[in-house]
């Protein structure tokens, strides 16, 4: 049954913003290397970086009708997440829909398909992570669902999950775990800051991380020169 | 027989420029969603946007001899369209050829293969849409033809057809249809402008486009909350 | 046997810098069209252009331990070259390692796999050519070797070979050939400069290169108009 | 937390076998075009056709340790479903593991990664659907989980869901829906049988399905000859 | 305007069969290396080899309605050629349509998209060359055209052109050129037969083709042993 | 300088045959997981399995002239290894060349590009591992070299190295290491035979390999049922 769920839970706004400040790589590591969307999901302009609550759209191939339906369910701070039920490179989304989302305070779009009007989207500074850029239009004939769990670029995303996206890609954090993951992300950042200072000052990672003994134990050998072939 | 056709028809200059101003996505929609080249055709620098008359080159794989032949057939306002007879990622084109084309007033290059010297091409502001960036050189051993119909990135292009290219990709308009397509493109733009204003002001596409009844008729259901799984 | 070779030969610094100034396309042509890495090796930010001595890393899939080992073997003017023994899109490298390399004067990274923290790497102006951008982390469990010959993106690279990289991709020059290739590159540049001036002034390549007779001999025909189909 | 769940629910055996007899295309249609794995999942030998209860494995890239763990959780009639947490083309599975699974009555393997020993697997008539064939080995260093929900080739699969696989690919049916989907599949088969007889006898689909009026209404025009271009 | 052209010209049946007997590689060479469809077009079962007159279908992405329309336009000896207007991996075609085509004497299908029911199609010995195998269904909502020129897998195909397909792929021959191409193909076959006999008897191609002088002239050098590195 | 080396070292024939009997996966493991060509190298017919001494060809893109030159350097028991200097999907090789190689006792072809006449090659039982099947012909204009080290599908191959190929792909063994690798391969086979017997009899790999303690130490947890979500 195709359906639109009107009410979804959302994570705490400060937690969401905190995750966005940490960025994709840190959040992904902090939560145990899960939740990362496939690397073909790329920003259409460099430097975009957002976090928000997922409003999800399960959508047929080559048909964008349900995105129009989904706009109504979005509120400020959300990220629209669009997943075709079968691979499609069609251009589901352009500047008109972006204007509509911006009017509602939506922070960006994550779509495992194509988008168009990328120059205008860039001028509007509307953040988009997509698999394709393609001017090919879609039809409006077949239903899908809004705010159901979807698999987007290889990851399961529930409505209200936190989506973090930047130049490294897109990661999803379960809504229920958002607070804990933020803590772990900040702990990781703090640890990395200390390491970073030492590395930037010229200390070697081998020493900072104390790797030498383990390498020797595994059998690594240092030779002054390459042996004769 | 390999041949070079010296005289080709061209569309009206004002029409060509008008189509360029409308852009790829609008022109593609306006002419009934035909003529769009494959989405792997990408600009080598962002923001390039051109329209011009196609001077076409049918060229063997890994051999760029005929591009040199084609330059002589180009005039101001043209776009060079290069299609290998078999897929090739070789770098057929670099800054020397670009300088030669610029000297003749050519507006850009559309090539279903590779190009090189992209930094210099970017500095020269010479617009290129290509499938690959590759420094790999080509030979000059085998003939092809200039100003014959070619299939380029999946689309049939005749010499003199109008090629429109921007950040969304490349679309071809039959020369004979250029005037009509421009009218349809402008009509579409006008209609979109009105819609855009309403959407930017916060009206929903569901209402602007009057979609609600059709969605209900198809069976879409709105629920306040997700049902128990 | 997994090993780290401490002492590698390096080419003359002035020669390396000269090759860098010539750029990838010219060097590749000048040495007879060999040594070009696959075109999927792309810079993570446009405009980066380097040359340096290769410090090579042969590394298991999804495991970046040996990069930490390799840092210690790098000195100012080097380029780190990382080649997994089996294809991997994992993110082997991020801003911490970049800071460590910058502290040693390393000029950049060439990696036939993924990297992450690309926004920070861009802000640091640390040049990277990679096959993927991917936040997916790696483990530190399995050894590899440093400063052994590696196949990276389809090319054999020895420690101490000269690696040249720019917006056109990456090319390797055998250390022993570096001087000769620089001479040939400069000769090619000089020749191209003369040609470029003539082409920019509007002379045709057909005349500058004297191609007309060969084209006619091969059978090319110029027709004033397209024949009836 | 990495975990192995020992007890999973399974669908009724007769229902599972019934779904297998219907085949992937029919089941996929019957359940409303959901649950189909990506088309890169191909059988390693033609003609294999199975259905069974999913025992799921979430597994790190390039590491097959958890497959050994999963074998113990398999029983007769099961299908092992393996999903790396990040794309990997490594060969996770070969004839030794297949022998172990056959000894337990497992019906086959669905793996969104690589396998090896394909000649022996073919001789053993052990059915495998994989994304790659690759002799590249994996390590046994990092944990994953068994019998947790996984995303495999784009589809969410729960332990105990019914997996149907044949030459057309792989489809998953929610365990709770298996009975209903079997009924719908059989209804579809019955309907198709009647249509097939008429089509094979030379009746046109246009008439069997009664499409002519709708085509005319949409504006389709039949012309005796192609108009002049 | 979407249209169905009822009457198309066809080449002589004996010529078509003659081209089929020559096979794809020979015909492609004989007509000057043109007309070859992209190599991603593969037979769904090995050994299929056909030639026939193209009945062409231009079809929207993810919509197979027009295939049903096209069946009516097919007659014995035809090959159905289906080209989506935008890339699609959906399964447009299955065993029901195959039965319908077989009832009309159609020789096979060439489709630049996906098909399903491949086991049944194989059992029916219905020849299909497709880009994908995919169970994903299509809708029946949008019109296309039948018997108009289409670009299929990179080649322009007119209704009535001769399509030749075997394990090497698919090649199209212009209907008007079919007789001449058959003559050239047979001439090539005769020449190859003589060469084949000599090569099979152990004569070297270098001598049979008389290549030695040209190789020496180009500068090739034979050395008894590899020089010291 | 383009050159043909006439005399190359070869490994002992019995060792080569022994490696062939062990197969790709075993040899690859036995020599420490090195030497495996990329997984896109696939046999054109299933069941082919060979081993032989590499006669190597470095060849320009889209030009097969040097294969004719290489035939003369082949002797009984050799495998022809062809590597374009830049990626090419052209069909470099067909049944005429296969006949010529068979007349010399050559065991097969490994080519990181395309081949054609696959039906005839299959009937001739000539083994080929290629990246593409493509009828597209090549030219004979540009030199390459025979019996120089080449990078083929990601691996460095020297003339006289042992190439082993079967349904799992292709692996190269350094000529100097062939004897030792054969011993290691046989040792691995012996060990696997014992394991295989136990696994086929129903013992678990967890017990045969003694993995349980390590899994527990890493933190793996067995639960009787899935926890509440």
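Note that the chains are named A, B, C, D, E and F in the order they appear, and that numbering of residues resets to 1 at the start of each chain.
Here is the rule we go by: a residue touches a chain if its C-beta (ideal position, glycine included) is under 8 Å from a C-beta of that chain, and two chains touch if they have at least 3 such contacts.
Model, not experiment: these values are computed from the prediction.
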Which of E-F and C-D has more C-beta contact pairs: E-F
Counterpart interface for D-F, drawn from C-F, A-D or E-F and sharing over half of its contact pairs: E-F
Centroid distance [mean C-alpha coordinates] between chain E and chain D, Å: 30
Of all residues in chain F, the ones touching two or more other chains: 33, 36, 39, 86-87, 89, 134, 136, 142
Contact set on chain B toward chain E in their complex: 33-34, 36, 38-39, 85-87, 149, 151, 154-156
Touching residues on chain C, where the partner in the complex is chain A: 1-8, 45, 65, 68-69, 71-72, 89, 91, 94-97, 99-100, 102-104, 114, 116-119, 122, 132-137, 140, 142-143, 147-148, 159
For the chain B and chain A complex, residues of the former touching the latter: 23-25, 28-29, 33, 36, 39, 42, 46-47, 49, 166-169, 171, 192, 195-196, 199-202, 204-206, 209, 211, 215, 218-226
Contacting residues of chain B [partner chain F, same complex]: 60-63, 86-90, 134, 136, 139, 141-142
